[in-house]
Amino acid sequence: MIGFEPWLVPLAPLAAALLLGLVSDAALGAWIAIAATGAGFAASLLLPSTMGAGTYILVDALSAHVAMLTAFVGFTTALYSRRYIARAIASGALDAGRAREYHVLFMTFLGFMLLALLSNNLGVTWVALEAATISAVLVVGLPRTANAIEASWKYFLLCGVGIGLALFGTVVLYLAALPALGPGYDAMSWTALAHAAPQCRGTLLNLAFVFLLLGYGTKAGLAPLHGWMPDAHAEGPTPVSAVLSGSVLNVALVVILRVRGIMDSNADALAPGPPIMAMGLLSVLLAAFSLWGRRDAKRFFAFSSIEQSGVAAFAFGLGGAAVFAGLLHMTVHTLAKSAVFQCIGLAAQRRGSQLFAHLGGLLVSDRALALTLAAGILAIAGLPPFGLFASEMLIMGETIRRIPLLAAALGLGLVVGGWALAARLITLCLGAPPATPPIGQPTIWVSLAPAWIHLALIVMLGLAMPQAVQAWLATAAQASQ
Amino acid sequence: MTDLVLPWLGLVMLGLCGTAAMAAVSGDRAAGLGSLVACGAGALAALLHLLAGAPEARLAVPLGLAGRSGLLAIDGVSSLFLLLVMTIGVAASAASLDRHGPPSATAPAFPVFLAGMALTLLAGDGVTLVLGFEAMSLASFILVATDHREETVRKAALLYLGIAGLGAVCLVAALGLMGETGVGFDAIRAHPPRGVRAVAVLVLVLIGAGSKAGLAPLHVWLPPAHAAAPGHVSALMSGAMTKVALYVIVRVLFDLAGAGQPGWFGVPLIAMGLAGAVIGALRANMETDIKAVLACSTVENVGLIAIGLGLAFAARAADLPSLAGLALGAALLHAMGHGVFKGMLFLGAGSILHGAGSRLMERLGGLIRPMPYTACAMLLGAACLAGLPPSAGFAGEWLLFQSVLSGIRLGGLGVQIAICVLAGGMALATALAASAAVRLVGVALLGRPRTPRAAAATESGPPLRWAVILLGLLSLGMGLVPSLVLGLAEPALQHLSQGGMAQRAGLLTLSPHLDGPGYLPLGVALLLGFGVAVIAAVLRARAVAGHRTGPAWDCGFGAPPPWLPNGDPATQYAGGSFAQPLRRALGVALLDADETVVMPPPDDVAPARFAEHSVDPADRLLFAPAGRLRAVISGLADRMTFLTVRQSLAVLFAALVLFLVVVAVLEQA
Amino acid sequence: MERMAIGTLSYDAAHLLGALVLALSFGLLSQRRLGPVINAYAMQAIVLAAAAAWQAHVQHAPELYLTAAVALGAKGVAMPLALHAIVRRLRIGKSVETALGIFPTMALGVALVALAVLVVLPTTTQSQTLARDDLSLALSVVLLGLLMMISRRTAITQVIGFLSLENGLILAAVSVNGMPLVVELSVAVLVLVGFVVFGVFFFRIRAEFDSLETDHLDRIGSGHR
Amino acid sequence: MTALAGLISLCLHAVLMVASAPLLVGLIRRLKARLAGRAGPPVAQPWRDLKRLLRKQPVVADTASWLFRAAPAAAAAAIGTAALLVPSFAFGMATASVSDLLVIVGLLALGRCVLALAAMDTGTAFGGLGASREMMFAVFAEPVLMLVALTLSLLAGTTNLDTIASVLGSGALGLRVSLALALGALMAVAIVECGRIPADNPATHLELTMVHEAMVLEYSGRHLALIELSAAMKLLLWFTLIATLFAPLGIASPGLAPLAWALGIAIWVAKMGLLAVALAVFEMTRAKLRVFRVPEFLGVAVLLALLAAVLLLVSQGFA
């Protein structure tokens, strides 16, 4: 029932990484990356038709959905990277060697992320995420500036500890499943665990949950474990920020969601919802208030990612119908945030700085870029016709029906965060541009096309989601429970 | 035919969206023309629907959240408001054809704005309503930001968007409280919220829609945003959008929340309305930007309408259907009237901005000569603003006062005394509005031009003139025969309050009670006309004809120097000086106003300086403290985020220990 | 595979080795000089290797011998040498700067062990006591490692705290009955750990994180955040 | 029949109002002069002034627009219309069904606003000064009127003046404290509205004391005649209003009754005379207030009116 396709999804980028290690020509390297991610994405499109679970590979609606999303963002980011890296080389920000390093690390990162998603084994998931983390750390440190290196070190140490905790949680989870499943691979497989959850040992599940939540929560950027995120996003190469915001968070959230499902089915275990909701809500509030003081655009949007990740986590913690909304939120946020980061990257290249003070007045200087960016920011702020409006409305509605007081806190976070986004939208896009002339050629449509594709998808998801997509997402939400 | 209304209106909205797409390609003119046609079609449909007795209809559309289809629905209430929106839409679109200067990049947002309003009014379920409402917010934000190179415009746009976000979250929450997301209005009506939940709905709707309507204390965005937007846009925002927000309040509180809610739900509406009426009217006397003056007066009028709505709600709960019908009829009549005349005033203000190059009173003056059409429109509008008979403004306010006076039956002594205060407050607000209207017209249009630019002002082109004439005629008609409007509103009144105005409004008269005496606007107009005719006849017969012109006497003020052939225009009263008596009498108490006069010593030739300053109490008491609180929390949040590695690890460690302790405690228990 | 019960040699030995690992964690916490800290870590790794080997023996799981070898070779020998080299090469001060003081740290450590026992205690109702007891030991080691990371200012001691934390993870992994992929996981952990040590070279972190981080905040903080 | 009677009484009323308004002003002037120990002009002097003004060609400031020239007629028409709505000697005039108190307030506001605009139109400092002060006075006067209207409508169940006066005149209600308070409040408003001492001085052109006179400073000829006439009519209107509301004695019932009308007119003239004496005495004993004290003066009136309404509510117990 499981064909070769699921393997192909992570293997395509990983193989490309090996190949890219041998290719020194930057342009060719970029095309190889595009081809590999394209192949991976194409293979991921076949996932829905090969649903099933093997020893190592699990293709259910949830993993297939997030894998398609990740592969897609990887593909568009590779498309975007081609010109971005070429311009970076042209402007002297990167040399050819580092460009090669970048492609290799990016492909490794992407491949392991996809592997982590599609694996049916907690151990494999963990190893893949660890490998992805290491490659992400290296790629964040790639610009070799002092700030970048320090950011990557911080990222590494915090996520290293987080990942350590996650491993401990994995061991305890295995221990909890032993009486139900006996020793062997089964006790580490998501599918078996989901089936045997009622027979697992509740107290151990609790312990495992604490470690898994904190471990993967660190990767998901949930407060108060989010310390690494702003720096890593701000200092790394922009295409990576796009993927970091988009997919690392998702993979971690998916793991948390699956663990939640296991906890839910066990009568002895404590309710997993409240701690997830608490961390989600704390992230929303903390990030919303932190947005106000930011002067660096990428750091700003990193905080916005923390906020949105918090919203999704909150929805997952809430459970029930909110899981669907959370998944939708995650999906749409991934698309929107990577579009925004792509635009910010282009703007930063044009102005030679990523500080808001130097980025103002884009509408006058680069109109298409500014409009795309504005649409992206409005999407993140949760305005229609973009999809985050739909997901936030569903989450808000579900919350206020079930726990009205929390809805007040969530609403506060959304308002404060939305206001900050509005303020920065106005700084970035409106007004007169700074007097210094922009660097290089104006942005052309090829650079913006990936963002446009993302935005078009978001509009589709927000305004008139096809029945099939809705059913698909509902299945994915069901798969986690 | 009634089956066709919704598809027809759906087509209108589609057409508006198509217009937006066309405008994105080919510029403003397409936006204006397309919107004009679509709005005309929409207004026609709404009118026919109302004339046919407003039968209810529903239509599912493939538009909505997460695979669900949205629902369009129409009844008397939506149809009435739709008629207003589309009518102002016609005028505003026509006016937009008269744009001066370079084409604006934001033109495509204009039809979207209209479509968003229409969608809000036609929504048959919560999601569609919010979708329309947000489309309206977003499009109007874009339109407000049209002249984004100006700092003040950007500030206004930010304030607007921020408060719109607050409103959106509250509105979503309110609709969420009333039923499963995306469920149709019928299902909500079947199970209206009760108890605390209903109170929460009330609060959330008042914030959510009230902020858009400009109910105090969430009105602070109106003056800057209306001032920043182009004229035809502010006409729509003030004339139509605030009414759409009021429609949402009416829809949720009167219709969806059911008739079983307690009467005190009307109290916050009344209190916010009164506060807005007084503060808005007073601020209208202080602002120096003519569009800000008009926006403040919108705050005042929305406040008056809200008072009517609150009274109607209380009366309905107290089982006084005739009073409920009276108050609601008054509110609706005033809403319609205000929509039309405020639209006209804003179009006039836009025309002044283009013709005379400024919105600031201190830079205008004497425009009645170069801009006769605009001046006539502003005069007519100002009469409505001031609530002078027989204008449309007076009809609405008269009926509102009548409902307040009848409201004495609502409760015991406490309520009655409150009603007395309310009546006094409303009278204060209307008198303040009259003062503001005189100030606006007197300073901006009359007297001598204060700048060379104002002296060289030119009248707007024919499209704007026709738009203004259309609204002017409508406003005249509504003033003289207000029963026509009430007739159109009758289905809405029946739907919302079980007691209509049909018995009480004859073809020509309005009366608060069944077969009691009332107000006959046409009679008053005839008497006035008769009086003027008699005077003219007598003067013709008995007085010397013609007149001579000469320099103004001005108590023998010195002759003007040769380079100022019209005298020194700076000696005229301007906005600030006209406001001085009120600033001293009321502004100090309510707006924290202060004046600074710097007078040089006797030998010094330096000019004397005068500065005045006032703050909206909502700013002072609500927004400024909230902003400071936000800054403090932001600082704390930053300190929680920008930690050293060791501190971050310590936080992680603390979280881990905390969770373990919680688990241990829970497991022991 | 036979069940292990209290009182048997296999249990006693496993328990003893686990307890030794925990004791060495306290040893790490108590040291004031850098050299002995590194040595204590080496000792812990060696005891861990012994524990893994013993588990390989009693569980009849030959792959665990590999884990033991890895632990012994990499963590017991190579890593300490590398750390000593770093200390020499980067001229790092020999004393351990504590943020909390030795005694409070130790007291906190005891409290953490108590917490770990308390959390794991409710699972005693059923069999597999070995795993349960070792689990509380491993949890204690993890918590103590984390405690060391936050209670020491010097970068190198923080790294050692991290390494000791990983020892706790491996201890947990090897003592669980028949856990698959233990070798793979331990290798992956080793990569992570190796990367940390490499990172110290790579990032040339000479002094303490705190001073460095303060610089970082100053530099990035002014005008950039 | 009733309709015809209403029409006839309305015509009589109209003539009466127009004809006697200048006489009332003349009477007050004469009374004040007498009280001051002067002989004073004849009572009919204002009429002669009006006639003389009509013969003079007006001089219009070259900065003024058409509004300036149209304003006097508009203001006079507004005040005249208001005057037609106030019953003086007979109930049931043709305008009875529309003689709404709020409409009268609105018409007076119309006249005021038109004149204020005209004052601004010449672009002089004095015009603006008068206009802004006049509008401020109105701001404080309107709440008083509204509260008085509220009190009266509580008693009569309507704001229709004809009905209120009939109800009050039927004697069913007796004498009431709240009515006395309302009367006081209304008189204060009347004084301010008509520009009498202590709010304004109709007899001076001293810059700092004038409000109404500052507004009409630029007018001359037939325009000024209209303005003077309408000012006089306003005074008469207020007197009539007060008399009709608070002393509705001797007012003829609806229907064709020439005798009762004659009696009513006689009683009305007597009432006007009494009020004129009262005003003259009041003005002689008061000094003009500073302009910023006028809001305080009106503030007292607001409190009186509020007290009137509250007392009525307490005693009546409406629910």
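Here the chain labels run A, B, C and D in written order, and each chain numbers its own residues starting at 1.
Here, contacts are C-beta pairs under 8 Å (C-beta built on N, C-alpha and C of every residue); 3 or more make two chains touch, one makes a residue touch a chain.
These figures come from a predicted structure and were not determined experimentally.
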Taking the touch definition from the top, what connected groups remain once subunit C is excluded? one piece
Give the chain pair that accounts for the most C-beta pairs in contact. B-D
Taking the mean of the CA coordinates per chain, how far is subunit A from subunit D in Å? 77
Suppose each chain is reduced to the average of its Cα coordinates; what separation in Å results between subunit B and subunit D? 35
Between subunit C and subunit D, what is the separation of their C-alpha centroids in Å? 97
The distance between the C-alpha centres of subunit B and subunit C, rounded to whole Å, is 68
Where in subunit A do residues touch two or more of the other chains? 153, 157, 161, 165, 203, 207, 230, 293
What residues in subunit B touch two or more of the other chains? 638, 642, 645, 649, 652, 656, 660, 663, 667
By the document's touch rule, what are all the touching chain pairs in this structure? A-B, A-C, B-C, B-D
Which residues, counting only subunit A, touch subunit B once they are in their complex? 153-154, 157-158, 161-162, 165, 203, 206-207, 210-211, 213-214, 218, 223-228, 230, 270, 275, 285-287, 289-290, 292-293, 303, 324-325, 328, 363-364, 367, 378, 381-385, 389-390, 392-394, 396-401, 404, 407, 411, 414-416, 418-419, 422-423, 425-426, 430-432, 463-467, 469-471, 473
Which stretch or stretches of subunit A touch subunit C in the complex? 121, 123-124, 126-127, 130-131, 134, 146-147, 149-150, 153, 156-157, 160-161, 163-165, 167-168, 171-172, 174-175, 178-179, 183-185, 187-188, 201, 203-204, 207, 230-231, 234, 293-296, 299, 355
Quick check: in the complex, which residue numbers of subunit D touch subunit B? 54-67, 69, 73-74, 76-78, 80-81, 84, 95-100, 102-103, 106-107, 109-110, 113, 116-117, 119-129, 131-133, 135-136, 138-143, 145-147, 149-150, 153-154, 157-160, 162-163, 205, 207, 217-218, 221-222, 225-226, 291-292, 295, 302, 305-306, 309-310, 313-314, 317-319
Going by the contact rule set out above, which residues of subunit B touch subunit A in the complex? 62-68, 105, 127, 130-131, 134-135, 137-138, 145, 148-149, 151, 154, 157-158, 161-162, 165-166, 168-170, 172-173, 175-177, 180-181, 197, 200, 630-631, 633-638, 640-643, 645, 647-649, 651-652, 655-656, 659-660, 663, 666-667
The residues of subunit B that touch subunit C in their complex are 638, 642, 644-646, 649-650, 652-653, 656-657, 660-661, 663-664, 667-668
